[in-house]
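In order of appearance the chains are A, B, C and D, and numbering begins at 1 in each one.
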Amino acid sequence: MRKVCIVVNSRANYARIKSVLTAVREHPDLQLQLVVGASALLERFGRVIDLIRADGFREEAVVYMALEGDTTANMVKSTALGMIELSSLFMHITPDIVLTVADRYETLATAVTASYMNIPLAHTQGGETTGSIDESVRHAITKLAHIHFPATDKARENLIRMGEDPATIYMTGCPALDLVTGMKDRSIDQTFWARNAGVGYQNGWSEPYIVVLQHPVTTENTEANKQIDETLHAVRALGMRTIWMWPNIDAGSDAISKRLRVFHENQGGEKVTFYKNFSSEDFIRLIDNSVCMIGNSSSALREGSLLGVPVVNVGSRQQTREHGANVMHADYNAVAIEAAARAQITHGKYVPDELFGDGTAGRQIADILATCKISVQKRLHYPN
Amino acid sequence: MRKVCIVVNSRANYARIKSVLTAVREHPDLQLQLVVGASALLERFGRVIDLIRADGFREEAVVYMALEGDTTANMVKSTALGMIELSSLFMHITPDIVLTVADRYETLATAVTASYMNIPLAHTQGGETTGSIDESVRHAITKLAHIHFPATDKARENLIRMGEDPATIYMTGCPALDLVTGMKDRSIDQTFWARNAGVGYQNGWSEPYIVVLQHPVTTENTEANKQIDETLHAVRALGMRTIWMWPNIDAGSDAISKRLRVFHENQGGEKVTFYKNFSSEDFIRLIDNSVCMIGNSSSALREGSLLGVPVVNVGSRQQTREHGANVMHADYNAVAIEAAARAQITHGKYVPDELFGDGTAGRQIADILATCKISVQKRLHYPN
Amino acid sequence: MRKVCIVVNSRANYARIKSVLTAVREHPDLQLQLVVGASALLERFGRVIDLIRADGFREEAVVYMALEGDTTANMVKSTALGMIELSSLFMHITPDIVLTVADRYETLATAVTASYMNIPLAHTQGGETTGSIDESVRHAITKLAHIHFPATDKARENLIRMGEDPATIYMTGCPALDLVTGMKDRSIDQTFWARNAGVGYQNGWSEPYIVVLQHPVTTENTEANKQIDETLHAVRALGMRTIWMWPNIDAGSDAISKRLRVFHENQGGEKVTFYKNFSSEDFIRLIDNSVCMIGNSSSALREGSLLGVPVVNVGSRQQTREHGANVMHADYNAVAIEAAARAQITHGKYVPDELFGDGTAGRQIADILATCKISVQKRLHYPN
Amino acid sequence: MRKVCIVVNSRANYARIKSVLTAVREHPDLQLQLVVGASALLERFGRVIDLIRADGFREEAVVYMALEGDTTANMVKSTALGMIELSSLFMHITPDIVLTVADRYETLATAVTASYMNIPLAHTQGGETTGSIDESVRHAITKLAHIHFPATDKARENLIRMGEDPATIYMTGCPALDLVTGMKDRSIDQTFWARNAGVGYQNGWSEPYIVVLQHPVTTENTEANKQIDETLHAVRALGMRTIWMWPNIDAGSDAISKRLRVFHENQGGEKVTFYKNFSSEDFIRLIDNSVCMIGNSSSALREGSLLGVPVVNVGSRQQTREHGANVMHADYNAVAIEAAARAQITHGKYVPDELFGDGTAGRQIADILATCKISVQKRLHYPN
């Protein structure tokens, strides 16, 4: 009976790992130790922990680690706090395996803590390529991790090239897509909007709408103001009903949030509604029924690909990440963003693409965690 | 005028970077910001900071970060404290480049802090392979670093294979060897022993001697007691005068130190003298004039290779690291260690081998730091 | 030339110490080292640091310490982070005296750090009595402090009774009142409202208005929701234009803020405008021209007393604190609050009361800091 | 069934609270939650946790918090780490009451954490007076504590004068003395020395001996070297067999330890044996059978008083603390110390004095903890 500890630190983490949580909990040879931390605990970011509990999960512990204040130094300090807290927690709950999700800066806390403590570390989404500090974090975690669950063939290939032992790499696809394939009904009606209350524009529930999700790029954090203004201008020019989600907690997010709050307070004829969060399933419904997604969220490339959602990907954050035919790129430029959005809206839905998985990742991962052999001593794996 | 911040956390760090400190300090286009932290500040580990000051360097700041207590969790917490302190420090002293040395666990603090704060990170000794957690730490730092100074051709090759951009990799050799080639006189006389006082056996300064340096292997930290006992037995069986250095601060070092203290208190006819530290130059003299080095210190492979010192490398800590003909391997086994030592003593000195550098690394590194172009946004570099 | 380090952590801190900052800066024998930390740096709390800079002060350092998340445990962790950061900072800037303001939980970080490091600690507002954790924090700081600047005769008396040496106690009055007496013009006109933009109700600038400021009581933090609801009901019942300020960062403030945001989003006929901050002088203008202050802010008792502002003090937070005739008490009860407010509005302005000072505190404190003798070894001072 | 959490951070803590641990564990209405932290976990300080376990206690958790390095800033940082760790721990184990012992700097961590988290805080040894930072720490803890267990009538009186509510003060005597009265046999024989092995002089088990215990005074930490040298000279001049215990972990203790290690390594005819630790009972035997205690340990005044041990109290650390007739004072001066020691040895044992308790404290405290009423909101208690 292996104890598998999974640390969920944000709303994105949760959607990307929920099917694994379920599969581990239900697996006869595994015991789930769910830890919820960082922005997943915070009111300002929609308290994802409430969604997690509503889904029937019970956390083993909560770990506050987000130092408030919008600087890159605070990203360091928050990660450090996570390490201090998680190392004590792991001493108490003695997991057999720790799993960390993807590439946000604070996920490195989980990876360092487990690997330094000789606890085997599993990692999802390794081998992908993007911009932002996420690119460095993701590959650093790969070099600390003992078990890899990449989401695509190319990502698997990259892990092997980086010197990971192929015997420790399992191409399972991304668990985020399990939620899509697992949903019977993805339609939206009045009750959807009744249970998801945002602030701002409150009419026209039957109008077609755009979804916007634009996070700061930490390696360009001093440009956050200018970058979000271009998107705001584009949305204003489009003039359509818009569902806008607040950004993640990253250096630059306070600046973006302030811009959005000012926009919200001064909103005249615009039709923008702001949201902190949706349940994982409602988020899939939301984007599946939108006419276009704008911004730099990876969900536009991952879930968006399988759903065929028309996407305008803005700027460098997802640069070089694999994607399907549904994605058009635009620089930080209002005119370019507007033009691309108009083209995507005209095009309409794309053919679904299984690039990021076929909906079976969760169960595959649980089975592997239950049985795989693991050595805590890593070796750079290059045949001589 | 670029400000180059170099963080020195241990005696090994210092010997490995001293020639770079000198070259940066003397470079007309560079300003040195020396930070001394972790065990380099501690009485128990010989206060390397006193040696650093005696060499004429003045530190910009000291950073205490070592949480006392011999557990893997405390390696995590110490690294975290380093991150909290260094992120504030970097806010104050605003370096243009940060350089971190090699692969000890707390060096990751420097790497994470700089990279998260968008400060270009330089790294020495990337691309080498070993055992212990150092193996994971070294490669994780590589994935966070923007400039690489590998010590060997094979290490450079490994960095390229791992996806680092060749334009950011400079094969300079190891700065530790600059000290060797820079010394006119490596002989030892009475004054050497007068200025280096250890505890334990205090006679026979003209007798031939062995040098022992054996650190815990963090990935095998619960085996530390047994591992050190084998070496102690071998040394007792050899019956020669022995210079024994206390281990580094790592999970397992308290256990080793306790064993050594008990040995020291109960020493009868044995001829073991214990030392915390030597100056960088005296350490080179020490090993150059020894009849054999035993243990798992990388200095036996690096400086030892250029000096042709006969070496018995014990256990897994240096496993797979490149080395010259001067190294014999032995498992954690008293009989095997003794036999290998006897063979090495019989063989005597080896022909010098420039595998780890030719003594010009410091100046090369300073010149590159003064002029290289750097982007803080990393990209996995695999031509498609 | 003594270096006096003053740590400002919140908007309340700043108003309470601004005249001291000015007097220290201008004193020929003192050098000001201003440190700005905690919520004074945060967007959510109106970035008091921007006001401080606009007033011409330059901080020596900023110290982020507020761990986000609305729990009592996070008050502990934030204080701890302050201690870690301030101890490094004090090593660098080596103040001769450190001054801490009043009694918020994070001010204990300043007090512990200075006293443990043998740096003489000065303290304002010692000897007063209230509710909340502030009561314990204030007296604990007194027992760590070497120089006391109480604001009232009774507070001075309490310090002596608690065993502080009378020779270390200087009754100077509260520096907050220096700002009041130093202002020539406290009137409000259109430009006041133009430069202070809140969210919510945006009309009727000439209408009479109430000011509300209600913070959580940390020792009753689970009651925060209920407590704020009573005040919200009272304000709704009064039906007047209301200036409402967001609460401080304390356990319970997220709950209060959420209630206020929901009220704001659903506001119909109510006339409530929400503010994060005013400059120190504009805040004095604001309350001086209000018809009534409601809540539990100490400014209602301190500045309010000298200005003769009619006050309804709600609940236990200021319980037992000295106050003038201008204060009526009400329990957490909408009916009682409304009734008291109506009575106060009918009564109108009170006669000014110099209970908390005559406006000379700042200069007195600077003079004393420049010349006083200090021993770092404290002794309980009870004549036998 | 109240859960009582007791945090033990050092060997002194343990002896002072052991009878309470036993009484709480055996009380039908109480559940003991033992937390062991700080130097009580460390090899360098004799791993008190091993003694605690050998006595049959099982800790709920261990809390590493001692940052290595002999500076006052590190006393701050260690306390801060304690707060970060204990606040998470208290969230998990949800004690009903927390008890903190005496006045060492890191005990403030326990006090701040419990009081900020609205957990009733009990405190032993409040109201006593001494030198060092302990004096400030002790009184600051008093102002945070909700239940007081002073050891003497005068201490009780001081607590009342400081404004604590008499209803919350219980004069129980010091639990350390329970161990003395509870021991049937305090004699020493060969087996005592066989089970307690020190380093240094190893002969003459039947010779009369002195006990020395001298800690750094944190408020005079830069004088530690000079202060210990005076005592070393006095001991050398006395020429008697001496049992010397390593100092506590405080700013200045590395300096003292280094002096002692040098003395130890160079010991010629001296007869000094160094010890890290004794079990609580063996320590009582040790001092009861000594001809004189020299230094500044409070045990000389507390247990020493009941045992009638002749004591030479050196310097300011215990200044103003109550004591019996058995204590002579000496300044930091070798001649004065030697003279006082000779006088005490000539005098021999004193009549036992129950000043610090009659041996029933542990049971009294457990009974009170089981039944007392507690309000987390403190009030300065001065009748008007």
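Throughout what follows, a contact is a pair of C-beta atoms (placed from the backbone, for glycine too) under 8 Å apart; a residue touches a chain by one contact, two chains touch by 3 or more.
All figures in this text were calculated on a predicted structure; none of them were measured in a lab.
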item	value
Pair joined by more contacting C-beta pairs (B-D or B-C)	B-D
Reference subunit A; chain at largest CA-centroid distance	D
Rounded Å distance between subunit B and subunit D, as computed from the means of their C-alpha atoms	40
Distance between the centres, which are taken as Cα means, of subunit C and subunit B, whole angstrom	52
Subunit D residues counted as touching two or more neighbouring chains	71, 73-74, 77, 81, 84, 88, 91
Subunit D to subunit A touching residues, read off their complex	61-63, 81, 84-85, 88-89, 91-92
Complex contacts: residues of subunit B adjacent to subunit D	41-44, 64-71, 73-74, 77, 81, 199, 254, 257-258, 265
Complex contacts: residues of subunit A adjacent to subunit B	72-77, 79-81, 83-84, 86-88, 90-91, 105, 108, 112-113, 115-118, 129, 131-133, 135-136, 139-144, 158, 161-163, 218-219, 221, 316, 320, 376-380, 382
